[in-house]
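Each in structure tokens, the structures are laid out below.
In the two assemblies presented below, subunit A is common to both, partnered first by subunit B and then by subunit C.
Let's turn to the complex of A and B:
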């Protein structure tokens, strides 16, 4: 089965008045049909750049140096603006981090959701019925009354549900959720996780969840892509990442999460050092300067992406291909 | 342990409507109770974490200790001095002993002044002579080298800005630091550094912390005691270990259960958590948590529970606290 989304060898620079920032370097990832794929990484890892590239929403100073982004069998990077408009919202939809700013405050949510269906040849009444059905699916109480209310009349958790309803309105093949719970309290976060799981049962598309929250990733995803400083360092099934992580960065990231420390500890683990300067990318492995298992070759040779098992790729010299 | 800070029966109200608007809308009570009848103490060298959802009043409580918000009711004793009702001029010396770390480290720094100028600013405010050695000592204490002296906030990473925030809080050797969300916006690999730094400074200098946060996994490791707030009230407070082991208030249990577990084998059914925090303008009758409580009974709908101590020293505001174990 062809994957819904496949990114091959993607490298993106941001041109700045000084030297270019090499924000993404040879990124490979694929999102199979009907799966939830998580992209994890810390700030500056390039996870948002990947998402912006897929939506073709990159800033003007971005330059795609190499690679391709395929949605089913179409090349997103080669699409014209008119083709992109047909793609965004219809086939790929997005849920943003901050539900308080993702909707326009001057239209009722029902009106916004009717507007989303502008390509459908249905009567207003039928479109409103579809809105009511969708709001019911995401758990908004009394949707036929509340659809005529404005965003400020809803709480944060409700608004995130509405954002998800808007994204699913056109039944997209791919839903991208960028930090969907970061702006929410922990009880609402749990509710949104629950909602995603429920939707998964009836929604026959794929979901990409971008987050730095390992808890969210573990609760939701089937597969995980770990990014560090603009590179994919490891990708595997969720169990392989959480129980059999190979890359030292993935291991260190997992070790740092206080929620994973069973023993109470006086000192919390950290990853010493800083993320390298992406205007001046080090020659060898990108993680070498902070790695506690580094070998001699790590400083000078960039490790190739090695395949451990069929669905487990790692970019590290500690791993031999095969 | 001697108490450094002792808050009793504290109440903070904000005016939500002007008297004219209240009259026009026929609202008899135009006030919001942001903090309601809160009693809490912090011992010398102790770390107390204040947890709760947004709108629970935890930040307001922190700010009222600092004198940034003036409470209408109750008392705040700090080192034997009553802070409630102090004039602005009388508050100034108190603020030498209480420092605050604000939520957004970059926004809380002036973008037009160098790091060194900002670290020496509190000395100038309080008329304490300061020299370069002193600022250098502070920066070394928080792990920033002298090259940061002449940098500006936009040149710092989130973790570095946080360190400057810690250095500023430490300037006048305070006895108490109120840290509002000290790890918000930090990556996991960096948040440990800041928390370890705060812990080391506590050991060296004997500082007490009142940490306002919603990050429960972090709270478990760094705090001695926890106080759980909901709609301005403290629902449960007690020793961190025992609360994490067996929460007595149903709300505490909901909060702890809601934290997503970074372990795919522990995926759970998240069914028990219903609803959202009600508006402060529309407080539920009886126990204010009852609309979301899975264990509510008749009595909870009408009768508001009082705070009462449990056998292990915890204080719980619930008619039917959960069994330990």
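Let's turn to the complex of A and C:
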């Protein structure tokens, strides 16, 4: 089966007043049908840039240097604005990080969700019924009454549910959730994770979840892509990442997860050093300066993507291809 | 997630929540009352008085206020109350036309500058700044001296000088909104630029703009009266609050009520529209709404 989304050799620069920042370099990933793919990495690793590029919602100073993004067999990067509009919402939809700002404050959520269906030739009553069904599906109590309320009358968790409902309104083939729980507190986070798991059963499509919350990724995803400083360093099935991680960065990232701390240890482990300056990308492995298993060639040779097993790729000199 | 049997579509919200909210503001209602009285007075002027606004009656020259002449009569014996009512017509006509045209123009140009390409923004801002560098009154004096006094010229001058004010506010708001996450979210569900402007940008900028417009009405009325006072607005026999003032001020020692008759409507207009504007602001900002 062809993947719903495949990204090949995507490189993106951000043009700044100084030199360009090489935010993404040769990123490869694919999202198979009906699968949930997680993208993890620390802040600034390029997670959000990847998904913004898929939606073609990059900031104005972003420049795609090379690569292709294919949705089914269509090249997203080559699409005209009108084609993009038809794609967004209908086939790819997105849930944003901060639910408190993701809805127009002056229209009721019902009005906004009815409007999303503007391409459908249904009566207002039918559209409202669809809104009610969708709100029910994401767990908004009393949807027929609450749809006439304004965004500020809902709590953060509710608003994130509404954002998800809006994204799913047109039944897209690919749902992108960009840090869907980052702005929420822990209990709400658990609820939203639970909602995604419920949706996984009924939603007929693929999901991309961007997060730095490893717990969320572990609970939800089938496959995981680990990014570091604009590169994909490892990608594998979720169990391979969590139990058989190969790349030193993935291992270090997992070690730093607060949820993994045993109760006696007092300090939170960190990865020493800093993320390299992406205006001046070092030769060799991007993680070499912080790696505790560094070899001699790491500083000078960029490791190729090696395939360990069929669905497990790593960019590291510790691994030999095959 | 069990789906409860969906109930028929029904809303617990009152039909016009904003209206109800408005009537809860005592000052707003007071302002609205003044505005309504002014408007009714202007519209039904011919039915509220037995006199014609320009009818001379030398016998009652500079008459004191009485049951016959409620606000006295001027130096030509014209009934002041009648002239104030008819003057309201001029004032409100100028205000209505110039504010609505300026609003429309300001909204269009402002959203265009804020949402459109950078070069268009630069061009429009240049034009706005050029126009705004003229003081309104000076600009009006210059134009009217060239074209001769007329109401339409007054309206045109006010529209031209007000559009940049509105447009700049709309532009700034549009630019802020354009970067907001809900606009990004709307783009992510495939909203085009036209729907974006009228559905997501317009409702968010119109509130502050209507308040500003409401507060601008007295300013416009004052400009019209001022120009008419100087003889540059309406032509002299026509009644306007400005001409009432102009006719009255020469006799201020003997007949001060003539000045009062021309000035009080101006004060009331300012008060009325300002109070109304403030109450409207509360209604238009849903986050300020009090919970029921």
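Throughout what follows, the second predicted complex is superposed on the first by the 321 of 322 C-alpha atoms of A that agree within 3 Å, B and C clash if a C-alpha of one lies under 4 Å from a C-alpha of the other, contacts with A are read in each partner's own complex, and residues count from 1 in each chain.
Throughout what follows, a contact is a pair of C-beta atoms (placed from the backbone, for glycine too) under 8 Å apart; a residue touches a chain by one contact, two chains touch by 3 or more.
Fair warning: this is a prediction, and the values are worked out from it, not measured in the lab.
In the superposition on chain A, A:274 contacts subunit B only, with no contact to subunit C.
Legend: residue contacts after superposition of the two complexes on their common chain; A:98 is shown touching subunit C, with no touch to subunit B. Within the superposed three-chain model, A:191 lies in touch with subunit B and out of touch with subunit C [touch as defined at top].
Of the two partner chains, subunit C is the only one touched by A:89; subunit B is not. In the superposed pair of complexes, A:23 makes contact with neither subunit B nor subunit C. Of the two partner chains placed by superposition, A:288 touches none, neither subunit B nor subunit C. Only residues 42-43, 155-158, 185-191, 193-194, 212-219, 238-239, 242, 252-254, 256-261, 264-271, 274 of subunit A touch subunit B when the two sit together in their complex. Looking at the complex, you find that subunit B touches subunit A at residues 53-54, 157-158, 187-193, 195-196, 199, 214, 216-218, 220-222, 241, 254-255, 257-267, 270-271, 273, 276-277. Across the complex, subunit C is touched by residues 55, 57, 84-90, 93-94, 96-98, 101-107, 115-116, 118-119, 125, 128-129, 132-133, 136-139, 143-145, 148-150, 152, 163, 166-167, 169-170, 198 of subunit A. Within the complex formed with subunit A, the subunit C residues making contact are 1, 3-4, 6-13, 180-182, 184-192, 195, 199-200, 203-204, 207, 286-287.
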